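Presented below are the structures under discussion, each in the form of structure tokens.
You will see chain A twice below: alongside chain B first, and alongside chain C after that.
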Partner chain A sequence: MLASQMVNSAERFYKLASIWINLGATQVQLLDEDLVLVSIPEEFTPSKSMLSVQSRVSTLALRISGLTGDAWSSIAESMLDGLGSLLTIESEMKDLTAALVETQDRLVAIYELTQATRRTLDIPALMELLVKESKTLFDADGGLAILKEKGQKPIFHQISDKYLSQTELEALAALFHKDQNRFVINDPHLLPPGIHNLMMLSLPVRDKVSALFGVYNSKTDFTSPDIKLAQAIAGQLGAQFENTYLHLESLRRVRLEAEMDIARQVQMNILPQNVPIIDGLDIYAMSAPAFEVGGDFFDVIERSKDSLVLTVGDVTGKGMPSALLMSMTHTVIKSASRMMPFNFPHQVLDRLNFDLFSDFSNVGMFATVFFGTFDRTNSVLSFSNAGQSPIYHIPNGQEPVLLEAQDVPVGVLTENAFSTQKIQFSNGDIFVIATDGFPEARNTFDEMFGYERMKNSLSKSRNLSAKEMVESLLADVNSFSASKLQEDDQTIIVVKVNDMDRTKQFLIPATFEDIRIPAEYLRALLVKAALDESIINGCELAVQEHLTNLVEHAYVGNSDNTITINITCDENQVMIETIDKGKPVNVDLSKVKMPNPMDLAEGGYGLAIIQSLMDDVTYNTNNGRNTWQLIKFIHRTP
Partner chain B sequence: MEIVKQENGSFSVLKLKGRFDAHEAEPVNTWLQAQVEKQCVNIIVNLEGVNFVDSTALSTLVRGYKKCRENNGTLRLCSLQQPVRVIFELTRLDKAFDIFETEEEASVAI
Partner chain C sequence: MALEVSTNEKVIKIVTISLKGRFDAFEAPAIRKICDEYIANDFIHFVFDLTDISMLDSAGLAVLVSALKRTRLQNGNVRLVWPKAEDAARILKLTKFDQVFALIKLSEVIPVGF
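So, the complex of A and B:
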């Protein structure tokens, strides 16, 4: 060690030696463990007197010929110690510098490797980069990487003159797993033939993936700095592998989401987008899947002028499997009811059960189905109910009655066991067909909304339109379950039976053009009822004026809003009721006066016209809903 | 609604047909304002073909009438159907407008 250092420091020694020569020495020699490093002069000159001093801090020794005595010996000893210390420090500094340069080189190499891998989001390409770069970095002839995802075949990558067989690689991987994290083997006897040293580390990737990389056949044995460097690489690359997996996963998820989105669209398109508008019936239907796709379905089909088909069903389970069976069920019912070679609803369910029994039982699922036909000529609803619940009949002016299902669900029994029931409807009756997503909605205390709350909600909203009844129910269920997510699909059809000829409901956008529809309808209705021309004209004008006011003032021309209009005409009166959600009106109806004609006022006629034409005008506002009632009494002359 | 514009002597004539309500008021208003700007301030609105007017229509006519008068002109109405006349009577605007039986009468009256 010091000897080699001395070669570089010879110059320094010459200076020291010349001092001794000047003091009378004939020759000065520096030795390291009896080996003469420097001798000045080179040729040995024998001398009687000689000082021989061994350093106390190093292996160096000094021989000085021609001088003798303790004094000289002591000086020589100090000088030798000084020289020894200097050489030791110089040697250490050189080692340190070399180590620093090497560390720097390696840091740069890791940086470059990280940069190269950062642009790669592909597992095989990452493996290739890792093997190539680490092989160069460790100056090894071979590099390898093994990647195994749980449940999949391992992937190997090697760059070498001496390829390891798959069996050998697997044997190494198995050996590695006994000694977690890392190992270095510098003994060729422990390695496959042709391999004389090997370093192998694991990459810290997720649990389900085991990744190893290694380098082998390096010129020099692997040392602990090599292991440190390899660990740094493993850390960096492990993170990059992890990123790549996350990237691939998010790609997969995006693809799956896109597919689910399409599935949901397909499903939404299967279900009717809007229900038929039928005179005398106020129908509203909706379905809200709890997940992307649901198992609930419904249909409202106008089969002929006088016959309406109502279907609500719920396939057990959630998500994709029930959505698929739901589509099949829906299609079978739809085609069976369209072609309808059957006279009774239960025959449609028999057919459904016959067609789909094996499909259902193969996957251990079933479906609850309500299937009914409403005959408009006599207001009779014929229906078959295979386990569907809840179904409510709300007779005019009475409390809702829960109708229990009389048959087992479809897909449970092989034999056909469905039956048909009939209900005679009267004016004002309401029929509600829903799925269990409503009563079984839960709150944070795990309580269910329940049939009683559902019944009360329907009872409370019975005088509203079918759509508003559903909105009110949804509001009640949502406020009950509060922040809890919807767990099950919610599907509902509400049918309100109105007097076929004398009652009509409109839901129109708030525009000047659309308000003509109810105004003109009212005229036609009153003409049909053979009322006086003056009453007909007056009512039409009053409705026109009133709706114009709503468009202009309540909604301030914002046509995104809607107005619900109920027109009723019976023996005694014509009643026009409107419901809007616009700005509430602050007006004292008793103080409305027709403007003075001579003032040539450009407005202010509307409400005055309405009041002079109608017998009773009332207004109230509640919870953002404004309700107006315009009534004209009819005094028929006998 | 149909809108026909004609000249009749010193009068610009607007012939309307159908339902004259809030939905149709804007084109009539635009026409009336344009006439006034052109200094054609003697106008006859012939309502022969109109079977329905509402208060927005009345307001439109009142606005036109005022503009014409401000410019020393006039706006006359003629040929009102019975239901339309009833609405003028209801609002008593029949007292404010000059209303004639025929367009001929409206155009020759002084």
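So, the complex of A and C:
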């Protein structure tokens, strides 16, 4: 070893040798054991006196001709030791340099691997890169990677002259999982035939994914630096695999969101977009799913002129599974109520249970359903209630009464177990069918809105229209739950049996003759309501003046057009609302003045008269529809 | 000295129009036409007997005002008999025409006892 080193250090030796020759030596030779490494001069010139010194630290020896004496001998020894040490250091330096170069090469390799994988967001392509690059990096004949997602089949990737079977790969993975600290196996007995050494590591990816990579059949056995390098690669690639999974997940999520959006649209279209307008009934229905799709449904169907179907249901659970069952349930009820001749509502639920029992029990779900028919000839509501809650009956002038369900939900029992109940309605009665999303709405303290608050809300808003009652309830629930998100679907139908003697709608042609019909009706209505003659007369005159104005100005006497008039009288006010499609009016209602009678004007009194008779007059025009509201407050003496 | 007698007959024609029921925009044109015919024939004194009307609206009022305007030009007048139903002619109060029209009792037109 020293001999080869000497070749590079010959220059130094020449300098040393020339010092000795200047001191009188005839020849200087450096020997390693018996081998002459260098001789200066090369030609040997025999000499009587010769100094031979053996190094104390190495196998080197120095032979100097032409000089003798102990003094020279000790100098030569020191010189020889120094030379030996120098050669040893140089040798170590060279080794170190080689190691550094190798480390740098590996760092560059890791950098290149990272660069190559950075833009790869595809699992098989990442595996290919990982195996190929690490095989090159570790100068191995084979490379492998095994990726297994929980609940899925493993993916294998190999690049090798000697391919391992899937069984062998699985056995290696099992071996690795047995002792995860043993990164390297250099014992061929533990390895499949043809494999003499193996280094295997796991990549730090998410919990649900197990990822291994390995290299095998390296020319030299794997060492501790190899493991360190492999760990660095594992760290880098693990992060890239994780990124790729996140990327794939976000892709999946976007796709799922788009699909959910469509599902939601489909579902919203299944539910009625608007409820039938039925003379004498004020109906409002709505459904607000908590998630993208919900398990609640409702329907208001006019079966015939005299029969109205009301249904509200709630399939247990939320999201897609309950939405699918909800669609089925809704469809069965809809077709059963339309096609099937039935006398009692419970027959529809029997049919529903018969059709869908196995579907429900297969997935461990069930549905609460209210199904009712309202007979308009006698104002009787027949209904069957399979676990649906809350249902309120609000008799005219009384507090809401909670009607508890008399039957178990659909999909629970195989045998038919539904019954029919009947309620006789009177004018002014209100019926509310809702899902538990209202009473079970929670606030940030995890308190529930509850049945009592719901009852109070309905009681408070009972004199409003069906739509306003629902809006008022939603406002109460929302202010209760405040910032807490809606957790469950909220569905509700409110049916108000109008006091038909007190509310009336007219659709009349715009002529002076026809406007008498609502004006005279109004008088009769208010007389019946036992209001003061001055109020009755004032309202009648106001309506007369107002309708005359519409005929004269909005329609300019054109009788082809019509005016809609809604007349309502309740405990607090008389309201006359008109809707016309004539010319919009450009008037500032706050600046209307009564003409001076001394001017003997023959017109221009109408609006001033109306304003002096009524308490509130409003006008708005939208899309060619002009709406006027004339309100007279009633102050009854108790 | 013999009594000198001279007689002077003055005939004042008063048209009394009695209405019953609603005097509103639908009826107004017909009443206006009646007034127009009388005025064209030089009748300048009108009494509208509103005793039995159930309501008077601004279109009816316009007929009354129109008649008043035209008869006044010829020194005539329009007088009104207030309806039995106090509120039926409420519009006259709202518009303050109760201070413009002479309001009389029917007996002032046709003296009792004749």
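Methods note: the second predicted complex is superposed on the first by the 384 of 638 C-alpha atoms of A that agree within 3 Å, B and C clash if a C-alpha of one lies under 4 Å from a C-alpha of the other, contacts with A are read in each partner's own complex, and residues count from 1 in each chain.
The definition used in the following text is that a contact is a pair of C-beta atoms (placed from the backbone, for glycine too) under 8 Å apart; a residue touches a chain by one contact, two chains touch by 3 or more.
Quick caveat, the model's predicted, so the values are computed rather than measured.
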Exercise for review: Name the contact category of A:V408: first (chain B only), second (chain C only), both, or neither.
Suggested key: neither
Review point. Which of the two partners, first being chain B and second being chain C, lies in contact with A:T548: first, second, both, or neither?
Key: both
Point to revise | Contacts of A:I123 with chain B and chain C, given as first, second, both or neither | key: neither
Exercise for review: For A:L16, select first, second, both or neither according to whether it touches chain B, chain C, the two together, or no partner.
Suggested key: neither
Exercise for review: Report for A:S534: first if it touches chain B alone, second if chain C alone, otherwise both or neither.
Suggested key: both
Practice item. Pick one for A:I631: touches chain B only (first), chain C only (second), both, or neither. Key: neither
Exercise for review: Return first, second, both or neither, reflecting whether A:Y605 touches chain B, chain C, both chains, or no partner chain.
Suggested key: both
Review point. Is there a shared patch on chain A that both chain B and chain C touch, and which residues make it up?
Key: 512-513, 515-516, 533-534, 537, 540-541, 544-545, 548, 551-552, 594-595, 597-598, 600-603, 605-606, 608-609, 612-613
**Study point:** Parts of chain A lying in touch with chain C, wherever the complex brings them together
**Key:** 512-513, 515-516, 533-534, 537-538, 540-541, 544-545, 548, 551-552, 594-595, 597-598, 600-603, 605-606, 608-609, 612-613
**Study point:** In the complex with chain B, residue positions of chain A that touch it
**Key:** 511-513, 515-516, 533-534, 537, 540-541, 544-545, 548, 551-552, 594-598, 600-603, 605-606, 608-609, 612-613
Review point. If you look only at chain C, which of its residues touch chain A in the complex?
Key: 22, 24-26, 55, 57-59, 61-62, 65-66, 68-69, 87-88, 90-91, 94-97, 99-100
Exercise for review: Provide the residue numbers of chain B that touch chain A in the complex, in ascending order.
Suggested key: 19, 21-23, 52, 54-56, 58-59, 62-63, 65-66, 83, 86-87, 90-96
